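One structure follows; several queries about it will come next.
The first chain written gets the first letter, and so on, giving A, B, C, D, E and F; residue counts start at 1 in each chain.
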Amino acid sequence: MKALAFIAVILTGWLLMSAVSDFPDWGDPASPANSYRLSQHYITETFPETSVPNMVTAVLADYRGYDTMFETVVIFTAGIAIIGILRRYGPKDESVLKQQATIYKKDDDLIISTTCRLVIPIIQLFALYVVAHGHHSPGGGFQGGVIFGASFILLALSRDLQTAQKWVPENRILKLAGTGIFIYAGFGFLCLALGSNFLDYQILHKIMPATPIEARSHAMLGVEIGVAFTVTAVMFSIYSNLASNGRMKEGL
Amino acid sequence: MENFFILAGVAIFALIVPIFYRIIVGPTAIDRIVAVNVIGTKTTVLLVLIGIIFKRVDMFVDFALTYALLNFIGSLAAARYLDRVNPDKQFSTIKTKEQES
Amino acid sequence: MYRLCIFLFLFGIWIVFSGQFDSFHITLGVLSSAFITAISSSFLFENRSKGIGVRLHELIRVPIYMVWMLYQILLSNIHILRLALTPGDLPEVEPSLVRIKTNLKTDFGKWILANSITLTPGTITIDIEGDELLIHSISKITTAGVEDDTMERKIARVFEKGE
Amino acid sequence: MELLEAISAKFNYWVYIVIMMIGLYAMISKNNLIKKLIGMSIFQTAIILFYVSIGVKEGATIPILYHEQVHPSHDSGHHEADTSHGAGEHGSDADLHAAGPLIEADDFANPLPHVLMLTAIVVGVSTLGVGLAITQKLYGEFGTIEEHEILDSIISGK
Amino acid sequence: MILNIICIVLIGFGLLFFLGGAVGILRFPDFYTRMHAAGKGDTMSVFLILVGLAVYQLSDFNVANLLVAGKIFFITIFIMWASPTSTHALIKAGLEEGQKMWTRKDGKEDPQA
Amino acid sequence: MIWIFDLFTLIFLVITAIISLHVKDLLSAAMIFGVYSFLMCLLWAQMAAVDVAFTEAAVGAGVSAVFLIATVLRTSRRSSD
């Protein structure tokens, strides 16, 4: 197997290497990718058209809204798939648990739990800040969602999985994940209902106290919040399933 | 001043090399985890430094902060793992030097 | 009352984070702080029976303590630097485990003490159980210095006045 | 100095191939399933490295507008600029819409690869999660995560 | 100009302490002593470098830069919280894993540690 | 872009990728994969891709390392290669 792998790697590598000489230099402003009309349009026209200074957020949530929506659906599907693969209900099938060499005695480490207690609210506030300021600084739904999910993971690490499960039960997490997608798609259908295209936020100025341009910006914020819901929920769900081998009894 | 910052960044990179030695050789897993933790904090510094060089620090501090937060979670998870797989040492059985003599 | 304090504290942090002062972002900040206060206000303060006067006293004393702590961290770094850069077979390194007792009552005080011990020269808190601390010390001098209870008295003065 | 810059002109592209081949080799030849998944992640990041390297511009800053361009000192209400332009207009007549300082396309890095790759990272971690879940299921079934042992036990079981 | 000099001095000292930590991690004999170098060399060097950068940021003084400096300071405070905690968590994990403790008179190793 | 940082980071990157696939201990492999993520984040930051760097910092440093460690806990830690 190793020899076969080596040959495959050398061949593929040689093919790719021979293509490198045709590439433009690294960082060349006149390279085809950078001088292409669409990229330049995104750079110069994003702010006049959407009043969002962060081009990445604007392109992510507005110009390429379909793409992001279905990426969110992919993340949701991954969460559901992991539950489908691993989750086990009830007390049956104890054989795997017995293979675990040691039985874990829960000890609350004073130092770790105090630090985490103090840090968790600040992490959550920071996550909300990242979601809310995706327009003006780097950030947005994906990042904020991951950080918010990480705060739950931190709680589960510092105490144990049961405590975290009490705070955010499994069924609530799944509802949250669905709500995120619902919010995203809801914005699309709202636009459709008002007589425009799917995810064309300009039309929302009819029901918002804002100009069409500001309506785009505000709708983007709403969409980001939806993404953040889904990502938060799925990240914590993946963690709790992986760490407890689908039993939700004892975590890492 | 910008040259000084680039120089400082290069110095940090150069000082990461001995820590890399610990990662490559490091006799046990936990030595590697310690080294990873150290590299994580240094990366936080490097991110702020890059922000200063770009003259856009207000954008870079955000994810330097994220980085510090999540690096902490990573090393905590590793510590918890080792906590779990090893049988708990009773606090009172650990002998100090005075108790031995 | 405590919820209001937490809300104001979180909102202050939001202002430091945000740096945007238009009404839209301020509204978002109020909403976010209120949300975090609602879901996780039980995390920040452990003992809610203390009065506001005691908290204010803590608030004034904490910076003084932090400046002293900073000086200690500086000393500890110089110590590490000296140990690391001494040529030869590390003549000063002589690790040992030490066990000390503390008089601090509250968990928060113990937490502060443990972290301060970790940051002061040559000592790291390994474990804490009841009122006993297990400490790893790197050289003879620091092993002797562990018994000194200046730090403990300082912490007691800052955080445990009301007890 | 010139020599180093000459090397660095295409250094990113060389390294992306090297990393990608490391990942591919790990995916094919390693027996351990977790190692295979790590290899898969490395392969993924190599592709992301390629895309982001394409979008780099010499002397450009991050793709977020400067504060002065967002809030021009002479506040002339750029929000009211009409938006009925088609997608064909670009670059040269940007100053007609932007009330602030001119937004030059060469000043900012290309945002398009960033957008494409941003979602790829999060989706990548989700797929990593699915892979790890399957690994745990296999471990529950066969008691090992080595590929050849799993194959052996399948063959001997039949 | 004075701020620049302060900044250079702070960053220089930060790099010096980082050198101490790095050499310590390289040279110290066992896991526990390495943990000393890692946990302490980290805190102060990061603190000094970040404060130096915050000072440089303040050389052009306005409210936005003040807030950015505040954020950088927040990072340092966070690291001063988190670093002792992770040091403690790791050294405890190492003790439970049964890392050997190095002693000067070799041959007689601590049986419990 | 800062080409000198780029050069250093890429060299470290290749070394880290090789080590993380070479070590036999899967816990170490997971943590070294964390370092790989750190360096990637640094790379995106100096190539001016801030949002990508942010995502990598959030995902790579915290979450994916935790997932890997969780799986190592639930399966086995030793690897034959």
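Rule of thumb we're sticking to: a contact is a pair of C-beta atoms (placed from the backbone, for glycine too) under 8 Å apart; a residue touches a chain by one contact, two chains touch by 3 or more.
Owing to the predicted nature of the structure, the values given are computational and were not obtained by experimental measurement.
Visitor: From chain C, what is the lowest number of touch steps before chain E is reached?
Guide: Counted as steps through touching chains, the separation is 1.
Visitor: Using each chain's Cα centroid, which is most distant from the centroid of chain C?
Guide: D
Visitor: Write out the two chains that share the greatest number of C-beta pairs in contact.
Guide: A-D
Visitor: Nearest whole angstrom, what separates the Cα centre of chain E from the Cα centre of chain F?
Guide: A distance of 21 Å separates the two centres.
Visitor: Take the average of all CA coordinates in chain B, do the same for chain E, and state the distance between these two points in whole angstrom.
Guide: Chain centroid spacing, chain B to chain E, equals 9 Å.
Visitor: Based only on mean CA positions, could you tell me how far chain A sits from chain D in angstrom?
Guide: Taking the mean C-alpha position of each chain, the two centres sit 14 Å apart.
Visitor: Quick check on chain F: which residues sit in contact with 2+ other chains?
Guide: In chain F, 1, 3, 30, 48, 50-51, 53-55, 58-59, 62-63, 66-67, 69-74 touch at least two other chains.
Visitor: If a residue has to touch 2 or more other chains to count, which residues of chain A qualify?
Guide: 26-27, 54, 56, 111-112, 115, 118-119, 126, 130, 136-139, 142-143, 146-147, 150, 153, 157, 238, 242, 245, 252
Visitor: Could you tell me which residues belong to chain D and also touch two or more other chains?
Guide: Expected reply: 8, 11-12, 18, 53, 55-58, 60-64, 113-115, 118, 122, 129, 132, 136, 139.
Visitor: Applying the document's contact rule, which stretches of chain F touch chain D when the two form their complex?
Guide: My answer: residues 1, 3, 6-7, 10, 13-14, 17-18, 20-21, 26, 29-30, 33, 36, 40, 43-44, 47-52, 55-56, 59-60, 63-64, 67-68, 70-72, 74-76, 79-81.
Visitor: Inside the complex, what are the residues of chain C that reach chain E?
Guide: Result: residues 13, 15-17, 19, 70, 73-74, 76-77, 80-81, 83-85, 90, 93-95, 97, 114-115, 118-119, 121-122, 124-127, 136, 138 of chain C touch chain E.
Visitor: Across the complex, what residues on chain E touch chain A?
Guide: It is residues 78, 81-82, 84-85, 88-89, 92 of chain E that touch chain A.
Visitor: State the interface residues of chain B toward chain F in the complex, per the touch definition above.
Guide: Chain B residues touching chain F: 6, 9-10, 13, 16, 20, 23-24, 26, 29, 32-33, 36, 39-40, 43, 46-47, 50-51, 53-54, 59-60, 62-63, 66-67, 69-71, 73-74, 77-78, 81-82, 84-85.
Visitor: What part of chain B is in contact with chain E in the complex they form?
Guide: Touching chain E: residues 1, 4, 8, 11-12, 15-16, 18-19, 21-22, 28, 30-31, 33-35, 37-38, 41-42, 44-45, 48-49, 52, 57-58, 61-62, 64-65, 68-69, 72, 75-76, 78-80, 82-83, 86-89, 93-95 of chain B.
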